[in-house]
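Both of the next two complexes hold chain A, though its partner changes from chain B to chain C.
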Partner chain A sequence: MRPYLLKGHERPLTQLRFNREGDLLLSCAKDKSPTLWFSEDGKRVGTYMGHNGTVWTADFTLDSTRLITGSADSSARLWDTETGESLFTFQFQEPCRAVDFALGDDMAAISSDPFMAAPARIHIVRIEEDITDQDATPVRQMESDKSGRVSRVQFTDLNKTLLTASEDGCLRRWDVEVGKMIEEKQVHEKQVQDMQLSLDGTHVVTASTDRTSKLVDVQTLETLKNYNTERPANSAAISPIYDHILIGGGQEASQVTTTSSRAGRFESRFFHKIFGEEFGTVRGHFGPINAVAFHPDGRSFTTGGEDGYVRLHHFDADYFSTRFLN
Partner chain B sequence: MTAAVAMRPDGSFEGQPRGFPFDDFEFEDVMLPEGDDMGIASEDDEVAEEELETETGFGSVIVTDNLPEVGPEKYDKLKGLLNKIYGQVGSVREGGMNMPRNEETSTSKGFAFIEFHNPQEAMAARDSTNGYKLDKNHTLAVNLFDDIDRYLKIPDEYQSPEQKAYVPQEHLHAWLMDKRGRDQFAIRFGDETEVYWNDAARSQSEQVYKRSFWTESFVQWSGQGSYLATVHRQGVAIWGGQSWPRITRFSHPGVRLIEFSPCEQYLITYSSIEPSNPREKAKVLLNVFDTKTGKKLRAFDNSVDEFAIGTAAGPGGALRWPVFKWAGGPKDTFFARLGKNSISIYECPDMGLLDKRSLKLDAVQDFAWSPAEPIMCAYQAEQSGGNLPARISLVRVPDRTELRQKNLFSVSDVRMYWHPQGDYLAIKVDRYTKTRKSTFTSFELFSVKERDIPMEVLELPSKTEKVVDFAWEPKGSRFAVLYGDGPRPALAIYDMKNTTSKGVNCVIHQPNKQANCLHWSPQGKFLVLGGLKALNGQLEFFNAEDGEVMNAAEHFMCTDIEWDPTGRYVATSVTVVHQMENGFNVWLFNGQLLYRMPRERFFQFSWRPRPPTLLEPGQEEDIVKNLKKYSQKYEQEDQALLAQTDVDLLAERQRMMDEWKAWVVSKKDWVMQNQDGIAAILGDALNEGDYTVNEVEVEETLGVNEEVIRAT
Partner chain C sequence: MAGKMRWGDTLDDDDFLPPTTVTGPDAKGIKTMVEYKKNDKGDLVKTTTKMRVSRVERKQYNVVKERRQWKRFGEAVKESADDNYTVQAVEEIPFERIQKQKQTQAEKKEAADLKQALAGTDKQAIVGSLKDMLYKKRMERQLAAARGQLQVERPPEEDGPDGAPGSSLPAPGQGKPGGWVPPSLRNRQAGGDTGDSMRRREENSVRVTNLSEDTREDDLRDLFSPFGNISRIYIAYDRETGENRGFAFVNFVFREDASRAISNLDGYGYDNLILRVEWAQPRAER
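After this line comes the complex of A and B, so read on.
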């Protein structure tokens, strides 16, 4: 089916998030305003004004009433999803790269980049039901001095453990209660750009500029599957209904001008999660794809590119009828 | 090397050694003792250390013997003479000349040590002055200092070398006995060199052997595929057999290029020595080795000017490879190179100049051997301003009979194309137009196998257009020409058989081809038209029998096209000249893509050649005639194989699926716990169920505008 082209950003996309029900889609880009869309028809709901730099990341609460965003203006903001009002600002000294709400939405993890002498830090903040009680001081801070930028954070194991992916290609597990690292594993050779959790929470898919995407066991950090993408992978998602992996990427943005778009492979690519075989590609972006996300019902997906467009695809009927032989 | 020394205004410096010659010394003469910088810090310590090392080696020192023993009065004169002699050959290192004296009589001892700036110069000095007649009684005997050590080590009594026990060699042709008749290829990418089977029936490749850092520059198959040569700083090594042991080594320091003889009996290696003095020419060293024994049979060592002649000269006086061209035929018999106004032909196996004289041909520019027999075609350029015409001659070796010759007028350039079976010879002639401002192209076609070697002249339909590519059909009588000035040249295929009075018979003519090169299948009949470089890798798989394009495809940015030796498959590759898409594709002859292998930093793809068939021509024809009968059996085999492949694939998928399921089961407890935990944390929020859609109608007044509508 023809995709919806959502033109709301003037700069490259950074992350895309559906809310739990899947009726809303939030897009973050290198311009200052994250944008909310209806996922069914691609109608724009509104933007969140307040940040003063690239918005790297965002997350919805379970009930979709609130949003948290992390920006290069060294702040993370809490928003009222419906009104677009900025409820609270967590001010840091360094750019914020990744955010994640904990299960139950009473905590959030915010990662900040290494900057000047400061190492990369992961801040755990408490989120109060009543916004007037909200405190900016993190309840815990974890320093990750070797890792470089922490590109994704993810609560797992009933908020006991925090999983992080970072620039040095390692995945790390942290004990949230104690604030100490439990385990680290070199999963990729180059920086990990994205990490998304599976529906059952047992595994994550990672995307890295080392031209691979990997399926990793959340508990052991053991690599279960390897998907070779031939091009830097910027984002990867797991289908909630099938054993499918969606990977977006393409030739580095800095090299795009020296190549034709054909050579860049600016495609959304589908791999079979278990067999590791590529079985389909969807073209359309003019530059590398920076963000991909599956709709929670698995019937549509969205991609955001360096070209500033968000594309919203609904699968054709034969996607649901075709099966892999085994 | 000079060290920065703080000079006083009068030219002396602190800590000056006593007795230092204050007058008449060159600043460069100041040499500091080794390992002592006299407290003067060098600006670049690392460089200084490297250079110190070369200074202490004796590689660049020669020993000159048989000098006259002179008294102190003539000592300096003799030294001056030696300086003069050796100053012409190379650059003697400052203070590098030492002529020891007898301490009692203070006459010289009759020998001298002379140090040059580098070993190459020392070697050159030895070669040019050894045997130099100083006067009637003194003939110089010159050796490298390092050699003297070696000569002294040779025992006076002869000791017979130990007989090595015979070690059976692995079967060099084992790969030809593959049950399914597959071919091999070698690829090089990153630091890896790998050899694969082309398992085309299953659309995949199967690794045979791999090795990291196998070669330092490239690998090359020998002409019949028995050996794979790797090139190293020290020389060349060849490998073969089933487990790929090293078979022989050929020592040639700094080797750059190699060439096997067609029957792989000999190997020619090449290196050049850049001169230290920019006025001098580079030196070239070519070694001829016996492939089987590894013995060096002959060395050609000369200035590059001796070799870079005519078409062998590249831009800027560089040398075009190959320097030596091998005569064709069932055995390696002759090889030849261009000389000034001559062609030097060397004979195997003794490597001597044939009949001890070169073949004299004035102003010879280029030559080419027939691939089938020792016949060479030579091209002599026009001389004395066009009064003496250009000349093409066919000469048989070793008797030097001129079989055929042809004079050509107002020629600008000539290219020679032998038919791969040696049946025909095409000469592409570029002639000046009358105004001499532009050129036009025509072909002179010789039927070499026929009596008196008849010739046809072929002019392309549009004379002025340039020829992009030309190629003979191997095992056939046709040839294909790609010509045209625009980006879409025309393809024409001609047949040398059925030549009519009108000339050569044009069988196919198709305009508008997106191509700039032609690649015939080694079996003939099919060809691939490639649009490389600016055309981004367009491929057209063409059937020359009925002029049909079987398939048009694209291998984006493709740089190389190579048919496998059996003519069944084509490999197209993108090498490291492009940053991206590196790797290769293998296609069926009709343009069906079989498989792709992307590899980062891809350098080289080369099919392993096969030796010529052992079948008689008649037997080959029989097989073609009864192809149906034979193919039935193989088709069955292929089908069984494919079925097996499908089964294997499904089994593999099943295995992966089982593995995955087992993993999922192993996580079951955790997932259950997790879900209970989630339920505990979220409580009611989890069970809120689906969202409800409330339709809200909103009316908005965009504006009110009143207009008076007048009835007409």
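After this line comes the complex of A and C, so read on.
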């Protein structure tokens, strides 16, 4: 593999997202402008100008015409993906940490951090097709007072429930209709950094600083598999075509200078989904990996690191021809 | 084509080269390209290249094709061609497969079996178990090299045992009184030096001859390490071909290990050749 190195950001990456077809890649970093790239050759399409702080998160609509981003400047913005124009701003009092479009793109969930006296909140907003009708008032607001920051939100069960991952290591299921919590489960010992849904929507993979990554059933919040990473895991993704889990992480950024880069385990690491064993690595980053994503066709993947680089890898033929045996 | 040219014309114009012709692709998808060029001596060299042309069909969504035409926006508008926001890595980054723990345990067992066999005195048993292990290891290494997972070591440039990097293991009695010597001076000193380093080289040194051309340091290490700690391995490489010259020196830390290796491996069949293993003669007598 000869990966493409995308140098659009000068600060650590926070999240990477592919659109449905996988031709577009959005990178968010601790700088003001999320950047759109063509995933095939890594060419930069444009940057979304308007935020005034770290952009923590983003999501595409299913048809890729719109984009929602959440930023530490206490706002979430809707964008026109093609022109880079900011269509609408949801202004909050607290930094926004996670966003997710509902199936059908008529709703979005936005989580805000606990700040001053305010607890962590999850806001459900309605997304109007005609942007002139768009309203900033959330239709539901759920307070998650014990959880600390809500690092990921994910609509599941055909928008009936919302799954959230948070700083206290718990996963929670919320009833979107009623706005109440249905279930919570302590899955990790430390904060959950990332949670990504499988292709069929039945399970999620989580990544936590407690040095594990877990496969969790969406309906029961039961832990199905445990992947021991030995270093803090910052992001994890499920291959859409194989039983492979991609995990990115590495030693904490604050301790990086104290050890050699070998010991830091800054590689992208591949675990077998069922057997739970690590079977391959791809090296490249000089610091911890903060974000990973699989291309929807499973033939390429991308990683974003604390070093500010996005690396876009297209698998060689041997990845597809060699099977993971026993 | 070259036949149609009159010989007088070719003499008149030294730079004249017949044009490159491309034929095909034919029914089997084979494209033939004929090129002519002059080599260093001024002779005409004809190169025929045959290529198989294959069509790869790739499905693409219509929306993706449309999006490919999108105009740049934001910061990307100001981007010029030499800004290099996207670069392709020069280095080939492999997907590194992780060796399974199970396999290494099996190997450990093999090594234990080998040790046990060596402890005995039955020469036949020793040679038999060694042979199995070495053949397996060698094949594994060649397979890895063929897949590009393992970098094949280049033979060292130096000729003669002086200054050859040889073994990476620390040799006993290394610390020289003169302290650090720049690499450029090391050879010169070693030539006139009859002190420690020379003696170390000849200490417990075993000469191995009748090696096959593609034997590498790793192979020798596998072959000799069951007998004891090795301080240095030196293989004589041919400067021109890079192949080894059929002999090598192996130094052991302990003399008894060396003598055990000699008694067990002399006359041992390796790579269809019969090895000759003996004490190395001091340099002066050679």
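Definition applied: the second predicted complex is superposed on the first by the 325 of 326 C-alpha atoms of A that agree within 3 Å, B and C clash if a C-alpha of one lies under 4 Å from a C-alpha of the other, contacts with A are read in each partner's own complex, and residues count from 1 in each chain.
By our rule, a contact is a pair of C-beta atoms (placed from the backbone, for glycine too) under 8 Å apart; a residue touches a chain by one contact, two chains touch by 3 or more.
Keep in mind it's a predicted model, so treat the numbers as computed, not measured.
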(message) Which chain, chain B or chain C, ends up touching more residues of chain A in the combined arrangement?
(response) C
(request) Check the residue A:Leu5 against both partner chains and state whether it touches chain B (first), chain C (second), both, or neither. (result) second
(request) Could you say whether A:Asp23 touches chain B, chain C, both of them, or neither, answering first, second, both or neither? (result) both
(message) Between chain B and chain C, whom does A:Arg44 touch in the aligned arrangement: first, second, both, or neither?
(response) second
(message) Which partner chains sit in contact with A:Val192 here, chain B, chain C, both or neither? Use first/second/both/neither.
(response) neither
(request) Would you check which partner chain A:Leu158 touches, where first means chain B only, second means chain C only, and both and neither mean what they say? (result) first
(request) Pick out the shared contact residues on chain A: the ones touching chain B in one complex and chain C in the other. (result) 21, 23, 63, 326
(request) Could you please specify the touching residues of chain C with respect to chain A in the complex? (result) 61, 63-64, 67-68, 70-77, 79, 84-98, 100, 102, 147
(request) Quick one: which bits of chain A touch chain B in the complex? Just the residue numbers, please. (result) 21, 23, 62-63, 103-104, 157-159, 200-202, 217, 219, 224, 230, 251, 255, 258-260, 262-263, 274-276, 324-326
(request) Would you pull the chain B residues touching chain A in the complex into a rising list? (result) 536, 556-557, 579-581, 598, 650, 653-654, 656-657, 660, 663-664, 667, 670-671, 674, 677-678, 681-682, 685, 688, 690-691
(message) Applying the document's contact rule, which stretches of chain A touch chain C when the two form their complex?
(response) 1-8, 21, 23-24, 33, 35, 37-38, 41-49, 63-64, 82-84, 267, 270, 277-284, 311, 313, 315-316, 318-319, 322, 326
